[in-house]
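Before anything else, here is the set of structures, which you'll find just below.
Two complexes come next, and they have one chain in common, chain A, joined by chain B in the first and chain C in the second.
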Partner chain A sequence: MNRYSQLSVLFSAVAVMLLSSCVHNPDVPVSSTEVQNTPDIFPDYCDVTVPCNIAPLNFMLSSEVYSACVARVSTPGGEQRIYGKGVKVQIPEEEWHSMLEVSKGKSLRVEVWGEKDGLWLAFSPFEIHVAEEPIDEYLSYRLIEPSYIVYGYMEIDQRNLTSFEERQVFNNKVACDSPKGQCINCHSYQNYKTDNMMFHARGTAGGTIIVNDGKLKKVDLKRDYTISSGVYPAWHPTAKLIAFSTNKTAQVFHTVNPNKTEVFDSASDLILYDVETDCVSVICSDQELLEVYPTWSPDGKSLYYCKSVPLPEDMRDKDIRTTFQKLQYNLFRRSFDLATRSFGEEELVYDAAMANKSVSLPRVSPDGSYILFAEGQYGCFHIWHHDADIVCITLGEEMPLRLDLSKMNSAGFSDSYPSWSSNGHWIMVASRRDDGNYSRVYLSHFKNGKVGKAFLLPQEDPEHNIYRLKSYNRPEFMVEPVEISVNEFSKVFPK
Partner chain B sequence: MRQGRWVFLLSSIIFGVAVMLFFALAYPHHLHFQEQYQLFQFNQNYILGVLSLPGGVADLAGRFLTQFFLYAWVGATLIALVLVGIQYLTYRLLSQSHDDIFANALSFIPSILCCCFLCDENALMSAPVALLIVLGGVLSIRCIRAEEIRQILAIISIPIIYMLAGAFVIPYTLMLIIGEIQKESSLRVILISCGMLLVASLVPVIWHQFVHCSLVKLYVGPHYYRIPDDFAIWAWVAVGINPVLMLLSKVLSRWNPRNAFVVFVSSWGVLMLLGGMMVSKQQSQAQENIMAYDFMARNALWNRILQKAQAQAPRNQVAAVALNLALAERDMLTSSMFEFPQNGIAGLLPNFTSDYISPLVTSEAFYRLGMVNTAQRFVFEAQEAIPDFQKSARCYKRLAETNLINGAYEVARKYLQALQYTLFYREWATETMTLIGDDKAVEAHPEYGSLRKMRIDQEHFFGGNELHQILVWLLEANPKNKIAFEYLEASCMLVKDVEKVSRYYSYSEALGYKEVPSAIQQAMLLHWSQNHSVSDPLPSNVQANILQGFKNFYSTMQAHNGNPAPVKKLYGNTYWSYYYFN
Partner chain C sequence: MIQKGKVSSTLLNGSLMAFILFVAYILHFNQEVFYTAYDRSEFLYGSSFFHILFSRPFSLIEYIGSWLTQLFYYPALGSVVLLVIWTFIFFAGINAFKLHGTAKALMMLPVSCLLSSVVDLGYWIYISPVRGYWFSQSIAYLIIMLLLWIARNTPRKCHLLWYVFAFCSYPILGWFAILFVLCLIFIGKPSWRENIGVVLILFAARIWHILLYSNLKFVDVSLGGFPCFETSLDSSTRLTIPFVILGVVTVVLAFCGRYLTKIIVPLACSVACILFTWLFMFNDKTYIDEMRMVRYAEQDNWKEVVEVASKNKRHTASMIMLKNIALMNEGGLLERSFSMGSVAYPIYNPDSVHVDFLEIASPIVCYNYGMFNESIRLNFENAMQSGFSPFHLKSLARCSYACGEDNLLNRYVSHIRHLLFHEDWQPYPISDNLKELVQCYPEELIGVENSDKYIVNNVSMWYESDSKLASEQALYYSMIRCDSGRFWASLRKYVKLHQDASFPKHAQEAYILYMDKSPEEKRMMLPVEESVYVRYQQFWKVLEKRVKSGVKLGDVKEQMHEEWGDTYWYYIIFGTMKY
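And now, the complex of A and B:
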């Protein structure tokens, strides 16, 4: 062998070594003991229905029980791939997407082996059903500590749902010199697009940051005739209008109850903000009752919102801190005439109080046929209520039908903040089901009124869901990313 | 100087030992304080997260060293080593010859300034480490003899040093420029120097495109000081003085004194003296005292708290809360609390303030009372208030404990898993992990089991103003909760509600007091005196000496027409004195 041949052999050997260290495709165990149940994987992706463009559903077995995990994924066409490193199964994005592509409308079969005390266990295989409907490519959420009053670092991030890319939209320190920073919240988009969007920045030099056809501005929504500046927003689907609630909010803390904290309003109304003219008009401002969480129907002709039910007479004069557990909200709507900017009479859509329940956070499906909301025993801040679940009812029928969401809701943990993907086939919720404290994003398939088993937002490292000690707050679908950089956003704040 | 090397070595050793002794003996609780506001994790995500910002290597190394501050002597030794390292590298930078006495004397100045910097409780170790990196960088570049290569590498090194050490890149560049000009002051060198300055000033701007951090922070930090928007003045002086020292040592090197040894020793001695004075001015024993009380409360060193308070009465809220907790833990609160200065309910169970210091010691009190949810809230909020957004090993540990007690096992598991990545909490976390999901094991645990039993059994809301009622509920849930009884009576006495002191004493029945605690007797007698005439029979549980004391107190007060000073002098350690004069 001459010198060049030796070098090329050496180079090839190094290349093979490097490649083999990057991609780890193990073999399935030669011998194993069969176990008559599906594996207890985290996250639980057994028999879920997933979008045909979702990022790899990486998972793991508990490292406290198992020392290794191997998974064989088979496509309907018989192609098989084997993964596993330690107790984790992490699938390369390209391979995963090619498997999804050939499995649309069908299922992937997953066989899992776990090594326990030196012996391999072969679990019953499970399936991952691949829906033909894709999911919106992006998702944004606020990452916050599930704190009480004090907040540290918080950020609004956007995540590509087809990959694991996560980028920051804004954070609460970049534009603020105060040690307390700002509280940034309530990011909202018009029709899932980002050229018209907004979020609030409270505190030092705060305001509402609005992107209007890609142009940035910071506005103050407080007027003499409103009880606060705008709080919970809802963009009109076609016009440059945003409905907001205005709220006077307070908190108390439980001594025993695992709900940890109670957030309640002592006053709340609805306003309409005209982005073009900077005008604020009052939609409704009942002196006795509380209106909150506006949301538009997809055609923009109706505004849905929650409104409190009058308290029993003997409780009306009492301090709200002692009565708020009796405070319940029903779902209402008003018609809206875009030409005259006028709202019609109030109409009861769902009487939750009749069933001794309370609703919050309504969202109408893109086809206008269904409405999702969170429902708990009382109040309107259900993300801290362990009994809170998501409810979906039909619209346009005299007696609304309540869909079966048992595969999506968790038992004994808060499920809140529901939303629809732009095609109406995916429902997203913020749920504290993993540990009762840190909320996570769960997704469910929706087709013809049938709701699939919820699955956790996949992460490149499945353990990420455990060690990220932040809550995913206000998850919102987007069909495109926010292109404005953090630094550009920060320029709207005075230096 | 013939024995220059050994004299220089000895001077460095003496300096290092002095630094170590100062931090270990006079300032140990500042080190504990530093350690408790970070959570150094040996895992990829944590390390990459720290390294992703400019100055990340210095920051990571600083945090790595700070975790050892849990043990004050180890921390003090590490600080001494870092400061001696800075001194040595500064000497290498300044020395013009083999035995340059002036360079050696001057080389102590940056270390002394760093010592002043570290006296501040918010000073982070990343700054001295960054200075080490900067000095190492300058010396490495200076080693290169080939002029052009050295100058090219100098320019290339600027963004690298920015990545490693952060904003100290500006003084780094100045040092490089001075080094070049000292070698040759041609037009070419001046142009290259301008180029270096341009690169140094542009590097933060370029980083600004990639990191979500304000440009100002990228120019001044970003992480030399716990409060992100404050300027780490002493650290900047310590690094910024190096270019000046380079010029000064060049000038002084021309002087060749006859008795070099005497000149060196006297100049070093003067510097040490001045340094000592500066450190003495910068250090705060008041802060050290507060941190000492916090440290002792954290580690349940109740007897040490009492000894310290007896030696010198505490004069601030954190110390008062810790002292009252120690008194309660030793069943002495309702008998001896007025032997120490009391400043109302704020010294017992203060309301929440959104800072990262005082809620921690208050949470210790809530925790030991059995108000587990409130303790959890205070700890969580204190952690959220840490100005540089780091997590705290102390807070994680307590959050794991409160969640274990509450049966929120999955949340506890998360904190324990994070602690398993640490050096000093790993063992505890692994041991505690065995309690997850095991109610029986938690109930059998000497601390968590009893706290689980002590919790209030009915749901209430706590906003801070319902303290008496909450303490009553605690006692009703667990009549043997002696600490809750002590706090209940103490809180009533502190708000001067003597009627409630008498009323709530009925809760003491299950607690096995042999006699009524003296402060309660004093309060009861006061209450009796307000509602009865002299001829009425006295309350049976008031002892004769207390009655006599009360009579004497009154007659002294009348004799001095209510003037507090002489009465306080005689009766300052009684509840009556607190009642009338606080």
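And now, the complex of A and C:
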């Protein structure tokens, strides 16, 4: 055998070893003990309804308890596939999508075995219901530690929901000479598309970066007559207009309360920014009350927002640190005439304060029939409030109907930042239900006013959800990826 | 001739031996520093950390360096691994540069640079943004020495491939790839074909920036891996000197190392290396003792904290706070605290780097006073800069445990258990003292409180609590604050809750002082030992005499320290830790 033959044999052997380590299809255990409950898998995908185009729902059993896990996935047509390596079940994307394809409108059956102390346990099977409605292909979020004052590396990423591809949209170091970097936030898209989008970059050479029909510019939204530059944005669905809140925001810390942090506004108004003309006009600027979190109806004819309720007379002049728990927001709207760019009178949509609650972050469903918002006992920054839940009410009825979201909300942990997929069949929230500290993206099916069990954004390695020490902040659906590169974005900043 | 050879051989061996002994001594001297290096260096399990590190040039080596830094959990083990790497560098370098006879001693120079680089950080150790620093530079240098050795043994016609290889390896080797090429150039004059390779490496950073690293600033790609000590508040060029010298020395060795065979070379090299390292090393006993106290405090080993504190006479603010906690747990806060010294000295900080109590000990101190939310916040503030090191992960895990946040605890514990030597790690039990103190900490909203001043002020207000422990703390910190109002309030509560206990010595000292100097306050009558009262009178007599004689207050402080440094009165007159 000459040297080249030896090398090729060696190469083939290594290749076979590598391949065999990548593709692992185990057998189901020959004997096992039946357990009368569904497996305690992480993430919990038992009996969830998922989009027909979602990435594989990889999961695992606890490595503290089990030494191995095997799962058999059966399609409605009877096709069966077996997976499992160690305590993880990771399904190849192609196989998963072919199983989803044949299971649309039906369910996948999943049987799980776990090896514990040398014995195999067979858990009760569970189902994964495959909805006929797909989910928007992309999702973007800011990855940030649940930090306090100091921040580190920050990035806005986009994730393909049909696969595990995650790509950076922008980061806070690339356009900044200071080692501290910028604070980048509030990415927002017009109508789920990315040719009109924006985000803020605060700090050195900061500003609001706006993509207008694919063209980039950096603008300063601060005017003499506004409290601050633009903060929380909402793109008008059809026109080149963005409604912003302008805020004077402060952050303080609880010494004992498990909520740990309070973020509140001491002043806040709404403005309208015309992307084409660079004009800023004031929508509302109540001197006493606080308006925040604007969002448009899908037809662009109404602007919804949250507005604080007047404090009791004896509390009005007091330091907000002593009155913050009395600060509550209701949901309002104003009509909007695109031709004249004028807003109508303010109209109360939902009186949360009457029930001793406070709303934030409203989002109207694409068909205009429902509105989602986060609700807590007080304030408008609910991601730090353990009692915060998502609420969905009907629109267009005299008495709004409150939908049952018990399958989506978590008990005792913050659920915040709700949003609708472009087809209105999927709700996404940023939830701290895993541990109370790190926000993760949860998705729920929505159909005819019924909301399905929330499930965690799938990851290629289920452990990724444990080991990523970052929060998923401001998750936003997109129907297409951001095509502008980080480098191109960085060029709008002065060198 | 034979005699000359013998002399040079003896000189070479002697110099090498002296240098080896010196290296061993320096490594031994810095064992506590190396433990802190482990404790404050980030290495996280999982693809997230892997990918973050892989997003820039030199990141693979940084990742390996970060992993190896865990070996400093046992400082001796990490030191041995460093020694092994440097030994390989020494021999690989001799072969790479073809050094013969006394010229072999020249390889002490790069080793000395690498040694200096791990012992010169000082307080940068708490805020260093460079991941895997402790091993990465040594590993990369070893790799290029081995590559150079191999390159020199390949036919000359293959050298062009080495230039191309250097270009390709830039994402892995960073600035060492350029150093490798420079060595190749100086070892043998490049042919016109090889010049293409030289040109290629000149533009390596620019090309890789376009190809792989467009999400980074160009400046972060050029000279990838060259340690850059820069934070939002501080920057240091001093710490990069060993690497600049390392680069220069390496090129010089490539250029003319083999000709430097004078008999004096070994001696000159060893002297130069020893002097260079000694001058560059951060050498301060308090710096080491402070690290030791932090380590013991992390392990709830309060006895050893007291032991270290009692042997050091120049406490920093962090050491004083740790000593106070240790005395709270071991007993004797009001009997021994001022005897052990409560006057805080500033840290020895030639770089004027912004490091103090916040970075060194604040999360542990807050935790041990039951201020869990504040401890969590301070851990995060620090981790944003230097990463989620074992120190911060363990501290966060302990806070989660104490707060009953089980899922969060599990997340942190999962990370910690993936660190080397931590498979069975679990947080220490919550002490009874801690359970008692938690009840005393009132809920309120606070701003950014990063200093020991906040803790002192806060604890001094615990006199309304019915906890015996809290009343002792309140009394002590009202004394530290020199606040007669809080002192009397605290004393009343302390006496009420400690009716069978004796009146502690330092409390007596404070009592006499406030009776004498703050007559307008609402006082209470308590019996004090006559010896304490007599000593108090003597203290003032001596003080008045010294001050009247025109001696500066600073000098009076020094003169009176020996006799009166163990009293509260000395603290109140000369203490720098006033709140």
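By our rule, the second predicted complex is superposed on the first by the 476 of 495 C-alpha atoms of A that agree within 3 Å, B and C clash if a C-alpha of one lies under 4 Å from a C-alpha of the other, contacts with A are read in each partner's own complex, and residues count from 1 in each chain.
Throughout what follows, a contact is a pair of C-beta atoms (placed from the backbone, for glycine too) under 8 Å apart; a residue touches a chain by one contact, two chains touch by 3 or more.
All values derive from a computational prediction rather than experimental measurement.
*Asks:* Just chain B (first), just chain C (second), both, or neither: which does A:Lys470 touch?
*Replies:* A:Lys470: touches chain C, not chain B.
*Asks:* After the superposition on A, what does A:Asp434 contact: first (chain B), second (chain C), both or neither?
*Replies:* After superposition on chain A, A:Asp434 lies in contact with both partners, chain B and chain C.
*Asks:* Going by the contact rule set out at the top, does A:Phe253 touch chain B (first), chain C (second), both, or neither?
*Replies:* Both chain B and chain C are touched by A:Phe253.
*Asks:* Considering only the contact definition stated at the top, list the common interface residues of chain A for chain B and chain C.
*Replies:* Correct list for chain A: 145, 147-153, 168, 171, 173-175, 178-180, 252-258, 260, 262, 321, 434-438, 466-467, 469, 486-487, 490.
*Asks:* Please name which positions on chain C make contact with chain A in the complex.
*Replies:* Chain C residues touching chain A: 44-49, 52, 129, 214-217, 220, 230-232, 371-374, 376-377, 380-381, 383-385, 388, 403, 405, 407-408, 410-411, 414-415, 441-448.
*Asks:* State the interface residues of chain B toward chain A in the complex, per the touch definition above.
*Replies:* Against chain A, chain B makes touches at 43, 45, 208-209, 212-214, 227-229, 352, 354, 371, 373-374, 377, 380-381, 383-387, 389, 391, 403, 406, 408, 410-411, 413-415, 417-418, 455-463, 470, 473.
*Asks:* For a test of understanding, state which residues of chain A touch chain B in their complex under the given definition.
*Replies:* 145, 147-153, 155, 168, 171, 173-175, 177-180, 252-258, 260, 262, 321, 434-438, 466-467, 469, 486-487, 490
*Asks:* Tell me, which parts of chain A touch chain C in their complex?
*Replies:* Touching chain C from chain A are residues 145-153, 168, 171, 173-175, 178-180, 252-258, 260, 262, 321, 324, 434-438, 461, 463-464, 466-470, 485-487, 490.
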